[in-house]
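Input: structures, listed below.
In the two complexes that follow, chain A is the common piece, with chain B as its partner first and chain C second.
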Partner chain A sequence: MAAGVGTILPPGVSADDFAAVLRQFEAAVGKDWVFTNDEDIHPYRDYFSILKDQNDELVPSAAVCPASVEEVQAVVRAANRFKVPLYAISTGKNFAYGGPAPNLRGSVTVDLKRMNRVLEIDERRNFALVEPGVSYMDLYRYIEERGLKVMIDTADVGWGGLMGNALDRGLGYTLGLYRDHISAHYGMEVVLPDGELMRTGMGAMPGSKAWQEYKHGFGPDPSGLFAQGNYGIVVKMGFRLMPRPEHWRTGLITVPKRADFIPLVDTVNYLSDLFVIGEPLYSSPLQSLLTDPEFQKAAIAFDEAALDRIAAANNRHSWQVELQFYGSEKSTLANWEWAKELILRAVPQANCFDGDSLKVPVTQAQIDAAEHPYPAPYTSVMRRNVMHGVPKLYMWRSPGRTDNDPNSWNETHIGLFSVVARSGEAVFQAQKDFADVVRRSRPGEQYVSAALITPLQWHQFGFFIGNSFFGTATRNDNSPEGKLKQLKELRAVLKMNAQLGYGDYRAPPILQDDVADQYSFNNHQLRRFNEALKDAIDPNGILSPGRGGIWPKAHRANRGALRK
Partner chain B sequence: MFSRRQVIGCGLAASALGLGSPLHAAPVFPVARATRVTHLLVDARFDDAMEIARQAAMPGLEILPLPRDVLELWYDQLAPMLGQARGQERVPPSFFAGVTTERGLFLLSTLAQEHRLRVRFTARHAAQRGGLITHDIAGPAALVSRCRAPSVPWQSAVGTALRSCPEGRPIQMRFSSPRGADRRDEALVSWVIGPALSG
Partner chain C sequence: MAAGVGTILPPGVSADDFAAVLRQFEAAVGKDWVFTNDEDIHPYRDYFSILKDQNDELVPSAAVCPASVEEVQAVVRAANRFKVPLYAISTGKNFAYGGPAPNLRGSVTVDLKRMNRVLEIDERRNFALVEPGVSYMDLYRYIEERGLKVMIDTADVGWGGLMGNALDRGLGYTLGLYRDHISAHYGMEVVLPDGELMRTGMGAMPGSKAWQEYKHGFGPDPSGLFAQGNYGIVVKMGFRLMPRPEHWRTGLITVPKRADFIPLVDTVNYLSDLFVIGEPLYSSPLQSLLTDPEFQKAAIAFDEAALDRIAAANNRHSWQVELQFYGSEKSTLANWEWAKELILRAVPQANCFDGDSLKVPVTQAQIDAAEHPYPAPYTSVMRRNVMHGVPKLYMWRSPGRTDNDPNSWNETHIGLFSVVARSGEAVFQAQKDFADVVRRSRPGEQYVSAALITPLQWHQFGFFIGNSFFGTATRNDNSPEGKLKQLKELRAVLKMNAQLGYGDYRAPPILQDDVADQYSFNNHQLRRFNEALKDAIDPNGILSPGRGGIWPKAHRANRGALRK
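Moving on, here comes the complex of A and B:
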């Protein structure tokens, strides 16, 4: 156990004041729900922290579990009286991005898991209103048990909370609006830093029955402030739910040459922006050729002619995209036929393969077995459960560090996902840029597979591209020194990416200052704006200091404090 | 004897798992009600795990095969046993055990944390070169010491030890034993999860 866990104080708070605020927390939520000893604090540590057991590990000083909005308000008011920083979590399962750990060591964790009710769900108007502790599995079960004809869009790992995922701008896999989880939110209720309660959108209109149907209300819409922000504790959130379609269909399109990727993306963009398809999945069938030294040489050099020649010699196309269609049997078939027609106009040598054609609801057996596996060498990269809104845990493949094996390592927290323009040309440029970043940060090494990087279209209108080189490269050094070295390298990579115009969309607390630094237009005006708001709304700086790179006046000296 | 596929598919009770009587009986220790393990999860892909489960079998201990995805098992069987709802205190003191991979332990221990349950005991069984398995064991002294019984295969000792989780000063122990027929590469962990000491 790290030295000081269970004995650290919130920064700037005396032992007497800490004891006093804990008594007020106990009065608010009950003695059983305020945790200060090592064993009870343990679950609120970042299981995968790069700084685990070091003196600057981001651990809380205590945790408090309110069960109602009124209790949250009481906790916030008490924290304000003593200027104690809080850090709110819903289920705290965002392990890829820091889990339950706060941005500021010594913060008191406000664990909202006891607030876990589905408050309302409407299968005719297709929305749900939930509390912070509702997980994807909770809502899925609620829907299934009642036979409601709506489906959720779930994150990869089903134990996460809808609200926590959305507020960190997490994403999913079905249709565009629904898989952008924060955009799918409609209406919030928020406890503000002074303990007051605010509703956004039509929720601010007493008596409105349209809270989950028009989220803007009137005037400026502050709901965006609460995503990756620290302006309030969200205690209720509405979500649009996808109505359950009658049919689900998939298809695979392959294109032969490297340059064909450009018209392929254009065609998919067209279909996507007409909301005809769910998340498209791009990949390259040439991945297995990376063991061939001649192919490696061509890939490192981005030699298009050589890459095309080797692909043809191996009788495979260069790129593929899987499309999914939700609707009726007829409409999904018509849309798939249309998609094929469009791509064949743009790339006459493209191949199109039928995938699944399943009546909804599908069974688990149908999810587990592809109805029409694609012919070799083409395989599906679809995550079939989440495409049907079925939350699971088996995506969680690697436990990383355990108490038995404290130095075990995996690439958690090293996933760099940069936002890239949504075109084939931009993807090709990003491939070269990321390969160059690797060469600059590790002279003598090559990012051999860079030429085959494909984008993720988790977001309706944007591409994310992961530079997976650094994650893979860390596996060989499990030592604490190795991890710190890796962290330093990641920081340098984030800077290089920013110079090339690639910003990350999400980060664990330990890297949030670095990612916020990337968004530096006009001398970091965005951050200056955010912090001016923060100081006005939260003058004591008690809510999640540092989250999103936003530091209140009281704790601003902590910006970048973890850089080693 | 049931095949692994049948075990995984059907969620059978211990008697139907064909676990039968152990060939090598490890010493049996009195099991106080307050520390009794009520459920044992077993990753039926591994021979060693099945043997440990066979040795642990006794009336009142429900043995469950670990499904591919534990989330439904948790919601349907384990969480209701532990308490009314997530975030609520468990009603009776509850211990459950398992013989799984590290991943399985991580997933279940994370879910259990929401019921203020913690990992109380672990025994990691890792295959080494030279035909040996090393056992790294940590937990209450009384439980750790039961895991090494002379003249008894390690699976027997660990299996009977998993039936309960007495309180006591935590210690660690390591020993090696010959590797049996199980050709797995992945380490297995025998574990017990129970109430937080502070709770």
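Moving on, here comes the complex of A and C:
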């Protein structure tokens, strides 16, 4: 049992006051929905915590589960009376991002999963309005049961929730705007730190029927503050939904030489920014050569000529991208033909392989099909389910790997992804930079596969590169010391990345101050501005102190406290 | 000469302090760029002001023109010392939205037009980073001179500026996201009310190369506060640009019966939300029948059977929509074929006419072509220039009308547009509601053409309907009394609209409090929240008091002051 769990108090709150606030929580939501003992609180801890069972593990002091907006308001008002910090969560697991654990030990978790209604869905105007507890699976089933002609852009695992994912700036896999979940949000209802209820956009206008169709409303729009923020508890949120296309088509483009990656990215950017393609999937067919010592040597040296020579000798191209087209059978074909024309204009030696051509909705058998349409040595990294908005209940895993495989995610996993400019040159630079970071942080080690890093285009216009390079030495040491060593390494890497111009888009609570530190322009002016706003609307600092790196005055001394 | 212009002081500022702050402005920007006399201030007045030459006309006390970020900072700091309210403008005319006039009489106008550099443009990553003074014409010329393969989404008139338009939530005419100018913004640099400099998104990360490619950055994003807001002076702003397609194609769809508008909108929504089409242009071929007394009678009564009968007797369909496709020659054809298939599935009696099919970039001759491709009685309302991102230097005007035509915009013009849900049913309801508003506000008058109102889909997912119905009785009375009567009527109409659930998306300063009043959910909680933020970061209330309906504490008593 963790030291102190079940007996810890919220910071600065006396035992009497804590008892009093718990009674008020019980009055608000019912005795059955306030939890204080170790067993009940266990689900609100981070299963993968680096600080697991340590005295500073980010554990809540209690949890409360309101079932309605009014109950959320009552909980917030009670917390204000006793200056008890809250930490709101919705549904899902948040694996790799700290699970449900708060930024501040001793916060009271406000679990919104009981509020799980789909409030409105419209297959002609293409939107949904949902409560916090609605999971991708819930919404998928709701749509399927009614045979509606809309799709969802789901996270990798269907237990995740639309609202929590969007508020943490989660991203998806389909078309343009729809896969940038916070940009696809249209309208919020929020319980503010003083318990008052606010609606953004057209929701601020009583009687408007266009809440989910025009997001800006009139005057300044504060809705961006609620993503990765702590200015209110969002209790309703609208989302644009993609209409279900008639047809889905994929194709694979490969380019022979290392330098061909540059025009490949340019071509894909062009198609992507004209909304011709959904998420493009880059990878390198050379990955399987990484066991070859000669290739390793060339990769470590970023020796372009040698890499090209070995690729040619192995009869394979250096880079590939899988494209996907949503539309009619003929329009997807015309777009794929156009894509081929464009790439052959830019890289005459490119190869283009037809992929899937499926009527939508696809069948479960088509989704589950293990084979892919491309000739060896090329393979597909396309996950057909998420491309069709079909949630699943398992994490993605490399073919042939299991949970117990030391190369799979291990217990202390954390997701870090740097934002990189969307060009081949920028990716090549990032490969070298990240290889250098590994060399500097682990003398004697090499980031062998750095030269084959490809970007993820989860976001509509941005590239992300996963910082998976830091895991190899310590990832299988799950001793408390091993975990802390890994944490220290992660922090050093974030600093080095920042010096090179790479910031992360998302982080678990234990690293949020570190990532916020990366965004330091003009002596952290963005954070100073946001904290001035925070203090103005949450003077007691009760809502999710520390979330997104924003600490209210009352708890500001905690910034970086876990870095000791 | 206007009463007091050139001699008025900023509210609450003594003559001595005003003189002192002007000296500090001069020290900051040079004597040549601080203006106080009537003649120099004239351009900073609203040419169309309803209160023109009245004692409460929204006239600045002075104007100052900084040429750099540092000069803006110096101006803001000086204003803070003397609590002098500023009002920042960029470039363009803002006709129909109050021109350059401030919300608070006596504010000092900060004119940013000297800061007019295109700081960065990238035709492979498809973005631009600009200063406030860059007009659509400037950016268009910059692109043309370099032969870059990107397009702009221009406002109607090319003298408008990208930044000012986006910050006022201006909208355009091309594809999806690009025509929602504030959503197409990627990254801001802002001078805050205390003179400090802040960057949003990846701009907050020194050294990041992805400022214009990922807009959220890390942690809460306050950038929405700067649109229609007064939390800072934006001095740099990034915009996503649409890559120049290879081909542009248009087509006209008409549907015979009044009720067919419902499936027509559904079909267009479907195509629009899959990014298959650019801005669709709805209109009614029955407009020219409005001179027929029998048709008028049917229109006023919303007599569906009679309207359908008269349409058929006149051998014309009731509704039309013009679609536009950006892509390759073949992909635009496949998409147009798909559109025809879909509408014929929904409305078998629909007619589809091929429109333009042009290689991009189109020629000036193709843009200027007066003829349109559709057979009588159908006509086109497509303006080819803005659909191609080609700015022009004239306002749109109905064919055959001139500036002196009493049916053209007149001197007291004001633009009002209500947000309406995106369905045929909602548009039909709005037609009846707006006809009713006219009947109630002008006993004895009829809004004859109400039954033919069609929505504007400037925004990606929303419908706007222009509130042009209130103008007819008073629009040609430019006496001070006539103007005030019109203002009173406008205010009454905004209230009636709000009761019916219709809010406006944009307003001139003189009506911003009225429109902000429409957004009243939970006792104006959104405004109360935004004003709490305002007071926190602008304690002296110096930045654009009243803009977007947000009044800082120091000037809050001015809310609705012009309503007296």
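We adopt the following convention: the second predicted complex is superposed on the first by the 538 of 564 C-alpha atoms of A that agree within 3 Å, B and C clash if a C-alpha of one lies under 4 Å from a C-alpha of the other, contacts with A are read in each partner's own complex, and residues count from 1 in each chain.
We adopt the following convention: contacts are C-beta pairs under 8 Å (C-beta built on N, C-alpha and C of every residue); 3 or more make two chains touch, one makes a residue touch a chain.
Keep in mind the model is a prediction, meaning the values are calculated, not measured.
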Which of chain B and chain C A:Met137 touches, first, second, both or neither: first
Partner chain in contact with A:Lys113 - chain B first, chain C second, else both or neither: first
Partner chain(s) touched by A:Trp159 [first = chain B, second = chain C, both, neither]: first
Partner chain(s) touched by A:Leu333 [first = chain B, second = chain C, both, neither]: second
Contacts of A:Met198 with chain B and chain C, given as first, second, both or neither: second
More chain A residues in contact [chain B versus chain C]: C
Contacts of A:Leu225 with chain B and chain C, given as first, second, both or neither: second
Which superposed partner A:Cys65 touches (first chain B, second chain C, both, neither): first
First, second, both or neither for A:Asn37, with chain B first and chain C second: first
Interfacial residue positions of chain B with respect to chain A in the complex: 68-71, 75, 85-89, 102-103, 105-107, 110-111, 113-114, 116, 118-119, 122, 124, 136, 138, 189, 196-198
Touching residues (chain side chain A, partner chain B) in the complex: 32, 37, 39-40, 42-43, 47, 65, 67, 93, 113-114, 116, 133, 137, 141, 158-159, 391-394, 396-400, 402-405
Complex contacts: residues of chain C adjacent to chain A: 124-127, 169, 175-177, 182-183, 186, 192, 196-200, 202-210, 212-214, 216-231, 240, 242-243, 245, 266, 269-270, 273-276, 326-328, 330-331, 333-335, 337-338, 341, 419-423, 426, 459, 461-463, 498-507, 512, 515-516, 518-522, 525-530, 532-533, 535-537, 548-550
